[in-house]
Amino acid sequence: MARIGVFICHCGENISATVDCTKVCETTAKLKHVAYATEYKYMCSDPGQSLIKEAIKKYNLTGVVVSACSPRMHEPTFRKACAEAGLNPFLCEMANLREHCSWVHEKSESTTQKAIDIVRILVEKVKHNAALQPIRVPVTKTALVIGGGIAGIQAALDIANCGHKVIMVERSPSIGGHMSQLSETFPTLDCSQCILTPRMVEVLQHPNITLYSYAEVEGLDGFIGNFVVKIRKKAKSLDEKVCTGCGLCITKCPVKKIPNEFEQGMGFRHAIYVPFPQAVPNKPVIDREHCTYYIKGKCKVCEIVCPTKAIRFDQPDEVIEAKVGAIVVATGFDIKHADFFPEYGYGKYKDVIDGLQFERLASASGPTSGEILRPSDGQKPKNIVFIACAGSRDPAKGIAYCSKICCMYTAKHAMLYKHKVHEGNAYVFYMDIRSAGKNYEEFVHRAIEEDHVNYIRGRVSTVYERDGKLIVKGVDTLLGAQPVEIVADMVVLATAGIANNGAEQLAQRLHISYDSHKFFAEAHPKLKPVETNTAGIFLAGACQNPKDIPDSVSQASGAAVKVAVLFSQNELTREPLVAVVNRMGPPMYSTCVGCFMCQPVCPYQAIEREEYKTRDGKVIKTVAKINEGLCQGCGTCVALCRSKSIDLYGYTNEQVYTEVVALLNDY
Amino acid sequence: METIKKLISKQSLEKLYTTLSASRKVYAPVVAADKRVEYKYNPAFADVTFEHIQSTLSVKNVVFPKVENILYYTNNKTDSTITEIDLTKIQEVVLWGAHPCDTAAYDILRSIFCWDIKDEFFAKRLEKLVVIGLACHQSDAYCFCTSIGLSPNSTKGSDILLSKLKSGDYIAEILTEKGNSIVTASTDLFEQPNKEEVVITEVKQKFNNEQVTEKLKTAFENPFWIENSLRCIGCGACAYICPTCACFDIQDETKGKEGRRYRSWDSCGLKLFTLHTSGHNPREVQSQRWRQRIMHKFSYMPDRNISLGCVGCGRCSRGCPVDMNIAEQLQDLEKLEV
Amino acid sequence: MSNVATKAKELLESKAVQVVIGYENGTNGVVRPAFITTPAKAAQLIYDERCVQNLAVYLTKHEVKHFGKMGIVATLPVMRSIMMLISEQQVFPDNIVVLGIADDGNILDFADMKIMQAHIGKSNLENPSKDQEKLAELNKMSLEERFKFWEQELSKCIKCYACRQSCPMCYCTRCFTECNQPQWLPVQSNTHGNMEWHILRAMHLAGRCISCGECGRACPVNIPCHLLTMQLADQTFNYFNVHAGISEDMKSVMSTFEPNDKESFII
Amino acid sequence: MSDFEPKVVAFVCNWCTYAGADLTGTSRIKYASNVKIIRFPCTGRIDFMLLLKSFANGADGIIISGCHPNDCHYTSGNFHAKRRWIMFKELMDFMGIDMKRITFSWVSAAEGARWAEVVNTTVARVRELGPYVSYKQMVNTHIEEEVTNE
Amino acid sequence: MKIGIYPGCSLEGSARDYNESVFALAKAFALELVQIPDWNCCGATAAHNLNKELSLSLPARNLALAEKNGLDEIVVPCAACYSRLMTTQYELKNHPELKNKISEVIEMDYKGTTKIINVIEWIDKYIIPKLEEKVKKPFDYKVANYYGCLLVRPNKVLNYDRVEDPQTMDIVMNKIGATSIDFPYKTECCGAGLSISRTDIVSKLSGKIIEDAEHRGADAIIVGCPMCHSNLDMRRTDINKYWNTEFKIPVLFVTQAIGLAIGLTPEQVGLQRHFVEVKLAEKI
């Protein structure tokens, strides 16, 4: 038999000024199963709380309804008080008499009646409350960082410096990401490599960090605190422990004309290669697609020349399983290439290049040793046109968003050009200049005012070649849409920043969501910008949306803190307000029919399959099962399940049904 | 009482009907918009049909309604107050024009509801029921009353049985005191019968029910049940429309303080019927439920010396969406090698 | 022997299936479902225009599944039901062989589900025209008239659940009607409870009803309850541009969403 | 009908509308006291069956409210809810049940004033429509003739 | 294979050469082209500037007639007509509420099932597969393929080729032995919209197209639209006057070029009707 205590708070005068608390108390005391009802000036005060605690003991209460302010305010307070008195905290409910009643209605009979109704609803509800136990899960204090760009590097170092183990998985042979390709960086124009390389080395040498380069995440199981990750280490065809990184093999490799990815195709590499001189780890890998040995079955020149005999042609891929407690995804971004801009002749005319190519041209370690030269004939361009928003903010091209970094790097490019080709003319076609960052606007103004870059507000309609020159046709909207035609030697497109290739597959493997552009989705755009929807998985850097380095680094540190917070406990405790699929004995096992229509509705991929098998392994029945580590308790699946096989602790069918009935009927 | 035969002309019949329906509830068959025959309270005489073979639903509901309140209660702080149903409020109903199979079913229902402790609700309703039956002058292939010992003009269960004459007038057999009281209240409407012939349909006998009952004794584990019930979708329609099926469910329904307990029709053909809370179900699959249906009507009931639980109206077979023809199956059972 | 019978015989002889679900002549000139397990009995199978019952309902029936691999005579609604049942993981493609019936009554050989899917894709997926007419008629009525119409129709319902049992998509181990904690639906039959039953049933079939009309046909008291589910079938297409039962991996309309789903009533 | 006080049930999500209604309180904005709130974690949890139960238990009007699209605490519960409501509304219309008695709305945690407005307009509208007589009648029809023969 | 054809007004008037070459090709490849019976003007330009309903009804009637006559697929050689017909189909598909209204106006059922293809799609689908064996005199010239605006725009509606740098005509021309040059003006405006009112602008715009083609050494400009053709060919005298030079480059319909390549005579493809003499024809 339920024994409910009702505690009515006056909240000073906040409630009692409009609600006749005494009447509420008297009326509710008459309700069936109400063992005790009382009123008090401040329930949340220490004496108020003691009142509750004593009553729980004295009347042996099985449920408590505190009729006071919003549960969003004091539910934890009163639940704690109940727990202290030995009553399971989840047997305490709050009736919101202040925000939802006394403050919003005038003093009257009907206001008091409404207060009575509200209390009654909660009294009826609490009768169906269950004594829930918090969910505890252990935490594996190792973090996985996926992607070794600046964001991944920052996150890994921060976490490692907190004293936790980190596993870093980088897809390419070296960490560094896009930042390693940049020449100088806005807004300070300091050398990208100079600030990045030390951090890359730190990663390699950090005792807490294990780096798997040339590796990818293949699968993920488990949940926050308890993930199991499968990592595929692609065969480098080389024993890293033996190799000293002398590079002799590279110089002797006969396959020399492979377009160099790091140089954005503007230079060549060998079949055995390190992507760039400062690579970390600085040991070569064999590109099996291009290596003569793998294609034709013979060559092995590298093996012959290697002084330490480190080459392993028959090395297999290796799959490692690791337990991790948290994951930082930092797989970065890419930019739009090729076919996307037929109107700008990209891919057709050699001298129409993209921003990353320009970075390589401007880089001292790049294919031209930092001289700005036209790819077609190696001449210095006298007139150079930069086109911002090449693809971005263009719904017709399917990219409605702003890529955020282009305005700034375009200004940087124009400056770098002017610094190197003093007599040259630089033009920038732009839609708007977005330079909202510390010292960013000033940076753009330097380009315009000090370096005399010509900014033209308007879009370029087409770029075509005529007699060896590039004709850039556009309009100047500040001059009343006057057509402009510029005869240029070189055109640089600030192409849109897009999700890295493979982002979608990775998201699916990790069960995190992504937006329509395949950028990973944060859990809340304002308040959870580093969390994903899957508890324990965090985002850092440009994999979420195009970002510059400072933003990537800040977010990475943010993610690292989130991981550290998680790792600060040995066990996670969570409110047990999760969904559950019912269970019963054979032959039913559960009323669930296994239609799995609930699976796609769960925003957290918390719904799994459970199979009942005979002893010889034949599946008798497959039913849904909710992973309580993942479920966040939204209840979307509960309302969906046709057979009412799922219920949500705290908001069970029985509870909400009872509330409706209690709300509309007299007791 | 001794049976009296009177003639009642078509016109007088109308007068009788009008008189009856002026003073009490008359439950009579009409043809609904979708051609189904259904019983209604006090329809206009012009709408009352005399030509129907069978109504979709049986007329068991006049004594065993599909929902029936048993008691009302009020929950107080510590206890509950119960209000009983005032059975005296149950009114007299004249059932008009029901066929002999349906009227015969009342006996079977009585044998279920009143064999030991009397079901007051049922008994009271039956007491207040006057049955004016109508012998069948038409039948269809589903009818099999003759196979279970009834006939198209069986008087069982009727207080008055009407039989149609070739001329369109009717012969009224006055069978009980209840019936007689109706006649005496309107004596002027009844005449002496002439020699005219009554029109009675012929229903072929399809099987011998005693043999079926005998066979069933050893047929419990027979594969027959599975084979023959594969197509049954377990919908329960047959039981709901059956004049003799008497399964019911009792439920409490509370709203606020007030509540009521009622009983409503149920069916042993539904899987929930025997489902235990544990998830275990002694009649797990449909074939077992189908077997139960037949066994109950043709073996367990006669076993307990009640009577057969079927009147051969063929309703279930007409209504079954998948042509589970009970007569056909009983025929097969009769021939079953066990 | 009819085409279906020949084909069924082949299948049973070659042991490609253990049972063929089809139609046979029943009593009194009606046809009924038949379950053929031996080649010798295959001759019983018929197919003609009377064969309208949606046989897919048997694919989830315990005793029928028990035979092993099932062959099934399938008109368009049955094919669509099969797609639905596969997508809802109640039926496994490996466990069935479909004897498709083309519009002209010929047998269609579906080597795999993709071919059947293509066939469905080419077919008319709208509600049967006579039902569509009835829907149009109802949709023209005023709100009050519609309420009256349904109130009147549903007052007849005896809650026998034939409509549920006859529907291939109502395969739940426990229907919500059987749930008693809380008792979502009154057990008794009264107009209001009946209406709730039908609202719920229709909602449960939203995006899943393949417009076979079986529920309405099964109802012993002729309640046109199929119109409810068909109306929603129509509306799912209107709103979300999806027909039920068109592919084996379709995601249910009610389990998915598009952020820009159109509506005009939420303020 | 002047003394008719509609009974209105509000089903709201915890994160937006419930918090929004709290804000209405903190801002001391007054609204009609006919509305009583039931808290749910998310609009995705709101079973449409509860709406029917409300009418069955005598409600004259209903408000359902949650986070604006894209603001769901659980990211997509409200999108699922929206789809269900679309279907539900179509079905109700088809069955002749008056959807004017149900307000579907998005009210955020910051829209305290808006909550008051949603409540007030709903109450006013339902007041205008009067008690939901046709539904109540239907609920109270227990196939009378058969039940008690009274 | 029976395909419908919607000729439109131009093909029966100023672009008879186009019409002749289309039918000549059809004949050569044994393709049956059935004119939509009782077709009417599609209302291009005039109607859609003034009255949306009218601008949809006119094409819709043609489409409904095609449906009624069992023409599942129709080719529309004129790019302007193509654009109108496609737009109508698109609008009515996306605004079903308009459908009933239009059906009332045209007093016919409109389902929207007809597949509409432009001349290049038609060539691609029915001619290319059999082209190789038929090419007798490879069209061995440098050609500037001019698509104009209506063949590819708006992409949302037509969903055909790349808007900014279409390729299909280039590919077709290369198949008959031509060398398609890199031609930046391929979708530039020829001024057709101002064809009557501001001939000076037409001269300027069309002139630019011709100038660039000649500058890049093209032997001919290839078009797939009667509007383009009339501006580049018929208005040549005006253009030359405006530019004060003598552009000589001939303008051929894509169908004419193919016709010549498979050995049809210049007359069979209507070259004699051109204003700018097609010198190439003599060379062949």
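Should a chain be cited, it is by its letter among A, B, C, D and E, assigned in written order, with residues numbered from 1 in that chain.
As a convention for this text, a residue touches a chain if its C-beta (ideal position, glycine included) is under 8 Å from a C-beta of that chain, and two chains touch if they have at least 3 such contacts.
The model shown is predicted, which means the values in this text are computed figures rather than measured ones.
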item: Given chain B and chain E, the chains that contact each of them; value: A
item: Result of counting contacting C-beta pairs for C-D and A-B, higher pair; value: C-D
item: Farthest chain relative to chain A (centres taken as mean CA coordinates); value: B
item: Core chain by centroid distance, with centroids computed from Cα atoms only; value: C
item: Furthest chain, CA centroid comparison against chain D; value: E
item: Gap in Å, rounded to a whole number, between the CA centres of chain E and chain D; value: 59
item: For chain B paired with chain C, centre-to-centre distance based on mean C-alpha positions, whole Å; value: 32
item: Distance from the mean Cα position of chain E to that of chain C, given in whole angstrom; value: 50
item: Centroid distance [mean C-alpha coordinates] between chain C and chain A, Å; value: 43
item: Residue numbers of chain B (touch at least two other chains); value: 66-67, 255, 262, 284
item: For chain E, residues that touch 2 or more chains besides their own; value: none
item: Residues within chain C bordering two or more other chains; value: 184, 188-190, 254-256
item: In the complex with chain A, residue positions of chain C that touch it; value: 88-90, 171-176, 179, 181-182, 184, 204, 251-252, 254-256
item: Parts of chain A lying in touch with chain C, wherever the complex brings them together; value: 588, 591-601, 622, 640, 642-645, 653-654, 657-658
item: In the complex, chain A residues that touch chain D; value: 70-73, 96, 98-101, 103-106, 108, 110-111, 114, 117-118, 121, 513, 521, 523-525, 533, 577, 601, 603-604, 632-636, 638-640, 648, 650-651, 653, 656-657, 659-661, 663-665
item: Residue ranges of chain B touching chain A (in the complex, touch as defined); value: 75-78, 255-258, 278-281, 284
item: Complex contacts: residues of chain A adjacent to chain B; value: 30-32, 584-589, 661-662, 665-667
